[in-house]
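Let me give you the structure first, and then I'll get to my questions.
We just call them A, B, C and D in the order they show up, numbering each chain from 1.
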Amino acid sequence: MGGNFIIVMNIIRLSILIILGLGAIWFAWRVFMTSSMVRSALSLLASMAILGMMFLVMEAEFLGVLQIMMMATEMSIMAIFMMMYMMDPGGMGNMDMSHQKKLSIGTSLVAGAMVIVAVSFSNWETIATEVPTPAKQNYDLGMELMKRSMMIFETAGTSILVAMIVSTATALPFKNKKDD
Amino acid sequence: MMWMIIGIGCLVSIYAIVVLERRLVYKTWEFGYPVAAFASYFIQENVKPRKRDKTFYETAPILFITVAVLAIGIFPWAESSVIANMATGALFFNAALAYIMVALVMAGWAPNAVYPMIGGWRFMGQLIAYSMPIVMAITATVMRAESMNMMAVVESQTGLWNIVYQPVGFLLFYAASLALTFLPPFDLPNAPGELEGGVFAEFTGTRLLIFRLGRIILIFSLSLGITHFFLGGWAGPFLPGYVWVFLKTILVACSFFVVGNLLPRFRHDHTLEWSWKLATPLALFNILWVGILLLL
Amino acid sequence: MSALQQYTILFGMIVGTLGFVIVLYLLHRKMVKMRKEPAKDIPAESGRLQPKPAWGRYHVHYYGYALLFLAFDMEMAYMYPWAVIYKEVGITALLDMGVFLLILFLGLLYTWNQGGLKRQ
Amino acid sequence: MIELIVVLSVGAVLFGIGIYGALSQTNLVMIMMGIELMLGAAMLNLVAFWRYLHPEEYSIQMFVLVGMTVMALEAAVGFAIATQRFRTKGSVEMEEASDLKE
């Protein structure tokens, strides 16, 4: 009875993964197929949130919830920047905003097909069936952060600082000393 | 049996919050007001604006109410009854509430009208303001509990509630939740009297009903959040745990309305300035404070 | 309860809310008839007609904050796992996170100094 | 085994769509959307490798965190560049940006 139950659970999980994956692909495709800017930003958000749900199905709880949360703010900020710079953000005029179509379709097809072929013909040795519980994952990730990956963590801090300084210095208008 | 009591308790406290809002904001006792308001929105016609974005127009109210309900799901009601005992509960609460902003931006964009759009982008600015304080305040409570699980957060407060342990964090979380539920003094996204209702201006009938209901549930879940993160959750003498949870939640919701009536409205750029120049350094200070207290 | 069961319960809550909304919409459609009147569906604009669609370019005055927020936001990805183990690791963790937050705070100070923290 | 292959294939298709977007769009912000899609696909693959091959290796989860950071930072710097180009040229179309070559 136990064996049957596990097999049924596996089939259900596989089908959920397939459905979520198809959803992510559909929304990712919609991003470039619409001329309304807020629509394409929010389609990207939907695609990324579905990726987060796939992380949850794969039992990486912290990463999944974090992905779902981060992308909400990031993609909405993307939407406001689109609003600021586009000629026609509502897509009322149905402008075509693409170029070098053949080249890009060809490249993407070749790249995707190569990866899929590589994935399906490589030899994945042993597949893990059990993963640590989410609470243990949080604990171990924290330990990893403090012990082995500490330099990575601090480097991430400095790169965030660099990005802040670069974006501030680039984006803001020049400060006029006389106005102060 | 237990779950029946909790479900009825939720409905009763949501009803009580609406009645008390009537009392505290408009100074009248109207015990039938929630039913009357529900019926009056329900029999309204659904007038839809002319050139709308159909998908967003339908999605926005549903997304709004869904995430407000989801945020309730992770909170414990008594020692052992919790709907979903997630190990990442505190972060999940945050993640669900980030989608309130997405729903409002959608609602602002969809009707192709000027007032809702300005309201939506304003709420986006408000998110940039309240997000950092709320996250850092939650982090400080997580530090004390050594776990992101809500049960652990509540259990860590036996003896000393977090409101005493980290008062700065409580103040920041309180102000941020006022901004998140866009109650006054942070009610710029739907600014009655300035933007004609802002993001809700073009929604009528059942969709507006869903928005109003979602807003009440949002206030309820935020009060529940304050109760669990800072006021000790189910802890309290004599009465059973869930009674304390509901009592504290209703009290916190009432204090929202009282505080909102006392303060003048903030302009959205002032909210941003105060948040980044004062609240974010204070939140960092709060984390340092908790860190030093924990090591002593 | 395992983690996957909890996600199932949360998903059930989503489905329940959706069901409630859909039932409400269906009841409304059955019970309330919409009367046809000309120009009922024009967006509200304080009595004047809209000259052009609202979906145009819009200057968001807080973009300085938005840029800062995008980068500053990432700090919490590292902060939550750190907070979980903070008490156990002790003073090392305090110093590590202190350095990290100090670095980020420098960025905030720089933006403040350059005038990013105001309405553009 | 089959779950791993399904997830990796989803990642591959997303990567392909990302390449298509990054190459074919003329607008800077849209190009960044393509890049974000590619990074998202990479993160999906990393999580799949963690789940099905090495559940005990937490450096993979660390890698995903770094990937998310890269995504946010790329967005911030990209928007800053877009703001500057919009201020000086009045548009963010990349076909008009050939003056950057000189």
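Just a few scattered comments:
We take it that contacts are C-beta pairs under 8 Å (C-beta built on N, C-alpha and C of every residue); 3 or more make two chains touch, one makes a residue touch a chain.
Just so we're on the same page, UniProt names per chain: A = NADH-quinone oxidoreductase subunit J; B = NADH dehydrogenase subunit H; C = NADH-quinone oxidoreductase subunit; D = NADH-quinone oxidoreductase subunit K.
These numbers come from a predicted model, not from an experiment.
Distance from each chain's C-alpha mean to the overall C-alpha mean is smallest for C.
Centre-to-centre separation of chain A and chain D, using mean CA positions: 7 Å. Taking the mean of the C-alpha atoms as each chain's centre, chain C and chain D sit 21 Å apart. Measuring from the averaged C-alpha position of chain A to that of chain B (NADH dehydrogenase subunit H) gives a distance of 27 Å. Mean C-alpha position of chain B (NADH dehydrogenase subunit H) lies 13 Å from that of chain C. Residues of chain B (NADH dehydrogenase subunit H) in contact with two or more other chains: 86-87, 91, 109, 112, 121, 124, 131, 147-148. Chain contacts: chain C has residues 3, 7, 53-55, 58, 60, 63, 66-74, 77-78, 80, 83-85, 108 touching two or more partner chains.
Annotation for chain A: residues 13, 36, 59, 61-62, 66, 70, 73-74, 77, 80-81, 83-87, 90, 133-134, 137-138, 141, 143, 145, 156, 160, 163-164, 167-168, 171, 173 touch two or more other chains. By the definition of touch given earlier, these chain pairs are in contact: A-B, A-C, A-D, B-C, C-D.
Of all residues in chain B (NADH dehydrogenase subunit H), only 42-51, 61-62, 65-66, 69-70, 73, 83-87, 90-91, 109, 111-115, 117, 121, 124-125, 128-129, 131-132, 135-136, 139-140, 142-144, 146-148, 196, 201-202, 205-206, 209-210, 268-269, 272-273, 276-277, 280-281, 284, 287-288, 291-292, 294-295 touch chain C in the complex they form. Contacts from chain A toward chain B (NADH dehydrogenase subunit H) in the complex involve residues 36, 38-39, 42, 45, 61-62, 65-66, 68-69, 72-73, 76-77, 79-80, 83, 90, 133-135, 137-138.
Those residues of chain C lying in contact with chain A across their complex are 3-4, 7, 53-60, 63-64, 66-75, 77-78, 80-85, 89, 92-93, 96, 99-100, 103-104, 106-108, 110-111, 114-116, 120.
Within the complex formed with chain A, the residues of chain D that make contact are 1-30, 32-34, 36-37, 40, 43-44, 47-48, 50-56, 58-59, 61-62, 64-66, 68-69, 71-73, 75-77, 79-84, 86-87, 91-92, 95. The residues of chain A lying in touch with chain D in their complex are 10, 13-14, 17-18, 21, 24-25, 28-29, 31-32, 37, 40-41, 44, 47-48, 51, 54-55, 58-60, 62-63, 66-67, 70, 74, 77-78, 81-82, 84-87, 97-101, 103-105, 107-109, 111-112, 115-116, 119-120, 124, 126-128, 130-132, 137, 140-141, 143-145, 148-149, 152, 156, 159-160, 163-164, 166-168, 170-171, 173.
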